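Structure, as structure tokens:
A, B, C and D label the chains in the order they appear, each numbered from 1.
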Amino acid sequence: MKIKTVILGASGYTGAEILRFALLHPHVEITALSAESKAGMHMQNVFPHLYGVDLPILQKIDEIDFSDIAAVFCALPHGTTQKVILQLYQTHQSLKIIDLSADFRLKDVDEYQRWYGDIHHAKQIQQHAVYGVTELNRDSIKQNRLVANPGCYPTTAQLPLIPLIREGLVSADDIIIDSKSGVSGAGRAPKQATLYCEIAESFNAYGLEGHRHSAEMQEQFDMAVKGNDSVQFHFVPHLIPTKRGILSTIHCKSNGDNSIAKMRDYLTDFYQNDAFVHILPETINAPKTADVLGSNQCRIALYPSPINGRVLIISVIDNLVKGASGQAIQNFNVMFDLPETTGLQNLPIFP
Amino acid sequence: MKIKTVILGASGYTGAEILRFALLHPHVEITALSAESKAGMHMQNVFPHLYGVDLPILQKIDEIDFSDIAAVFCALPHGTTQKVILQLYQTHQSLKIIDLSADFRLKDVDEYQRWYGDIHHAKQIQQHAVYGVTELNRDSIKQNRLVANPGCYPTTAQLPLIPLIREGLVSADDIIIDSKSGVSGAGRAPKQATLYCEIAESFNAYGLEGHRHSAEMQEQFDMAVKGNDSVQFHFVPHLIPTKRGILSTIHCKSNGDNSIAKMRDYLTDFYQNDAFVHILPETINAPKTADVLGSNQCRIALYPSPINGRVLIISVIDNLVKGASGQAIQNFNVMFDLPETTGLQNLPIFP
Amino acid sequence: MKIKTVILGASGYTGAEILRFALLHPHVEITALSAESKAGMHMQNVFPHLYGVDLPILQKIDEIDFSDIAAVFCALPHGTTQKVILQLYQTHQSLKIIDLSADFRLKDVDEYQRWYGDIHHAKQIQQHAVYGVTELNRDSIKQNRLVANPGCYPTTAQLPLIPLIREGLVSADDIIIDSKSGVSGAGRAPKQATLYCEIAESFNAYGLEGHRHSAEMQEQFDMAVKGNDSVQFHFVPHLIPTKRGILSTIHCKSNGDNSIAKMRDYLTDFYQNDAFVHILPETINAPKTADVLGSNQCRIALYPSPINGRVLIISVIDNLVKGASGQAIQNFNVMFDLPETTGLQNLPIFP
Amino acid sequence: MKIKTVILGASGYTGAEILRFALLHPHVEITALSAESKAGMHMQNVFPHLYGVDLPILQKIDEIDFSDIAAVFCALPHGTTQKVILQLYQTHQSLKIIDLSADFRLKDVDEYQRWYGDIHHAKQIQQHAVYGVTELNRDSIKQNRLVANPGCYPTTAQLPLIPLIREGLVSADDIIIDSKSGVSGAGRAPKQATLYCEIAESFNAYGLEGHRHSAEMQEQFDMAVKGNDSVQFHFVPHLIPTKRGILSTIHCKSNGDNSIAKMRDYLTDFYQNDAFVHILPETINAPKTADVLGSNQCRIALYPSPINGRVLIISVIDNLVKGASGQAIQNFNVMFDLPETTGLQNLPIFP
């Protein structure tokens, strides 16, 4: 069985990364690729590492015939995405869409407007979109045809925190998410700030006035917490001179007198059947981003704090894989009732 | 005026970095250099970047004649240091010693033994050692002849926190110091963990069972806090793929209802006459480690938190300069009544 | 069909890289793994990226039962290798061995002794070893049971040069091979020279007194050249701050008045059925090492020179894949009559 | 004595690097800084590492009063430069100009047009410009008031080759200059090709259709060679993932039977009084770019080749220092009769 698949916005890093998995996926057939400004080009001229790979020529979205397409990965910039997806969603009733942009992640369209600076143009389908941290929302993903693939940072924070918040094991009023990310999350568009000479041998915090990924974390955390509480957290992202990788250092408080062992056991149990989320036992060294590079894994470890009642959680992923394209493939698998690991079995690449 | 100066342990990174400043310093005369296992070698064969520089040949410490020496920079490994300094301190009454090891940083010798695994062998002079964050302890440094140059991480944390703790502006019971460091702090001895292939394109937290630098922070924080309180803090270091640079992201609480503006103003005022510590105004972008690379600067910025009562402080230095050799030169200047910036006026190097 | 396979010396970078391919290979069953000094350890404690992968515990070679083993990848240090392989080769008549060390690459055992500093201890099987640049020696590889997997640098040089030398298209008396390599080729043993702080933001030539890889190139070039001539070439390796990748810039002379187009056409034709060797057409941008990262590809491009009669050839590989473990798997496939690309179909990883 | 100095084009990397030296230079007074698109800005907002440094606000060139200015460093893009300098040169008769662009490097204006794509608009002063490899042209630099600071690559190649060509010690018909450079030479303007994610963990050759720096090398080599010969050479640049540093590996032929020792001795003698050019003795390890990082040094080493008659020369500099801004300061010193090392005495920074 081959599923006819289109990638919209194939000329960015996440587009290329979807291809890396899709081309080894036994059930994906890449039928069309879009890139507005590069329409007419071969992918190998956009991404030289794809030289010699047999792929459709890049097209404008308007030129693509979606009539027999079953799946769309949408890696377009936010804003643009809404209109494209609205039209596809309404016109092609059986099309399954995995959107990697931020456009359908927030249920609250006012929040969308606040963080993304424009009113939302596809409110009518916003409620149909499922927020797609696969392990946390698998059933809904299976039953819907529009998945909002989550942000990279939020994936690292939600995988450990959502189960603990739901279960009332962490205190909801003081969570610090000190996150560090490689540069690929900033995309391939040329900017002075992401030039090699600006990034190498340096690192820094940024987004200190507030970062967009806070919004989707807030919404998901608030859905997880019992009652009408709103979770109070501070998300502080940092830029690190690597291409890939996110590590979130989460400083939180145990709720009541739950021990760290109880929290670790709970998470271990929660993820026991998940192929990609690993709760590290106490005896294993702290995870490095290189440990998961190129793979769809998330590794989570818990440590005690010398501050009374505090717990430290560390969570690492490859931002382009579990934080974007890998999780998109994982959601695709869930939506098409395939084994969740299909096409994603590769080991991390090291060194 | 030339001050006859010896560097002990000149074959490590901090030794070389002292030389970078000392050789442009108008009042330093390098009289001898030691390196036990490399005795007899020219520095240019240990550090090729020093090719052609006229320097004494490396000696064993025992071979050095200290009779007319006025100053010693000691960059030996901890443990070894104590015995060497004890002997020098007692035999040469006018010798001024700046020790870059951890051996004289802790007043509490039991704490020393706990963290460094051996009893302290120079207890009799431990009380004479001044802890040398220059800006915080200038008067004592001037009046003593043994300075314990502080650790790199502690420098980034103490420069913003000690004045705020002393003044009661931050809460002492919940301070999170999430620090990130380049690799040079790990030294030049070959270890698998600091090989290029293990470090590049990766990052991680470490020392999660407790890091030695916690001990000197604890002692200094506790001296700063009013009354008999002990400051509760969690120091979490991370290893980042750069050669130099430390950035500490400090998540703390305002004490009472002191505003962030008040804290920023207090620190600005506190450091107004200091050449190397810059409290950034609100309008300036968040500091990057590259902003201070190669210089003796510490830059500190404060930001509000969405969590009630919390404040974010960011502090950056070059770990080999303000975190080690630069601050050592600065302390030397203070001890010899020279202008504090002598030999340290160079700008950061960028890119 | 599963082929029972052992990896000797599994605790080095090439050992781990063989596993990355072997674990997705449909016909490889990893039966045992050796690492003398780490015997008894789990691979996940040696290579954290392998956490959770079901693998045999590391053993000493002596502890391994080879009775039903069909294949051995040998990634031991040179010297050690000979004795181990001699014994295996003689005792297990049907065992197929792919050796990644240098021990069986040189037919001339005196050359071995000259470059590797010790007499050769397995001369009796030296003549049975096939030099394993797969594309150049496929038939012999298929018919023998001991393959000497070639060095990483030699692979980049031989793939373009051997066919051109055989065909008399390049002049044999003046070939300059200016090669650049990432650091992983130096292995995982701790050395000062390969520490992050020594490598990052620097590059240099090395091996200027002569590099061991010259010896195997000399032997292979001389076998390729017509008559009794010896090819005169100068191999100059450089160390570049990346983990992976080799790029050889080959400055050579056209033999007679053969045009560059003729040379390019000849190579294109020569490799037309090879999945991993790509002769780039004139219209494609110069290859970067990142273009092949993580894949078994070699990309080769030819350019004119402003010097009369000269031609420039550029050849890139991932040193750990086509330069080591990938080519080892490729040779395994040939030896076991499997499609050559089995287990090696993954795309390069970018960025 | 303070020399009133203007930097035109101060918002690029070379502009910032001139400042790093100028601000410690006892005889430079920075009177004005230009940057057309950033006029009105403070330098600390363009280059955060300059925070707190007292500098003139950026202006448009037209706004600058040159009436009492003695020196101009011009770091404008080529093309623009000509018109600005023509006007300054003609209007201010005593103004000394050091131009870091390519505009006045080529005596042959047709060659300029060929490589830079536009006719030369300042032909009338082209002949007055002195090509400024300081050590090779010191007397002319001293006597003129317009210096064309050489390209970074050409500096590495000319320092070893020009004396050898002049003296007839190398053969003029077959010189291969295989050069490797860090990324800062590409400047600070955002381009996809110089993004961190495109550069890190990769390297490649480029400019294979011909690189502009060939033109100035050709002209200078041809002036050096005896008679009317034209030197035949092939310059092949490579991009390496570092911020700074150029290493040129020069494969050339001894002319006649001159030994490598004779060539090394000749160069050693030639540069014996030069502070910045070091001909390394045979016993010293091959130079790394890190050995000269941040300094104005050029280090040159010679090695034998296994190819009959060939010699290998390796030459390293920091491209932003000896390859640009440092050499500009050095030329400034010569033009103003100051000791050549003034402001340039700093050691390389390592690690």
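In the analysis below, a contact is a pair of C-beta atoms (placed from the backbone, for glycine too) under 8 Å apart; a residue touches a chain by one contact, two chains touch by 3 or more.
The structure presented is a predicted model; accordingly, all values stated were derived computationally and were not measured.
If you take subunit B and subunit C together, the chains in touch with both are A, D. With centres defined by CA atoms alone, the chain at the far end from subunit C is B. Subunit B and subunit D have Cα centroids separated by 37 Å. Subunit C and subunit D have CA centres that are 39 Å apart.
In subunit C, the residues touching two or more other chains are 13, 184, 197-198, 200-201, 241-244, 287-288, 290-291, 293, 351. Residues of subunit C touching subunit B in their complex: 13, 183-184, 188-192, 194-201, 241-243. Those residues of subunit A that touch subunit B in the shared complex are 173-174, 176, 178, 180, 182, 197-198, 200-206, 208-210, 214, 232-234, 236, 238, 240-245, 247, 249, 251, 286-291, 293, 303, 305-308, 310, 312, 314, 316, 351. Residues 13, 16, 19-20, 23-24, 44, 47-53, 184, 200-201, 243-244, 278, 280, 284-285, 287-288, 290-295, 299, 320, 345-351 of subunit B are the ones that touch subunit D when the two sit in their complex.
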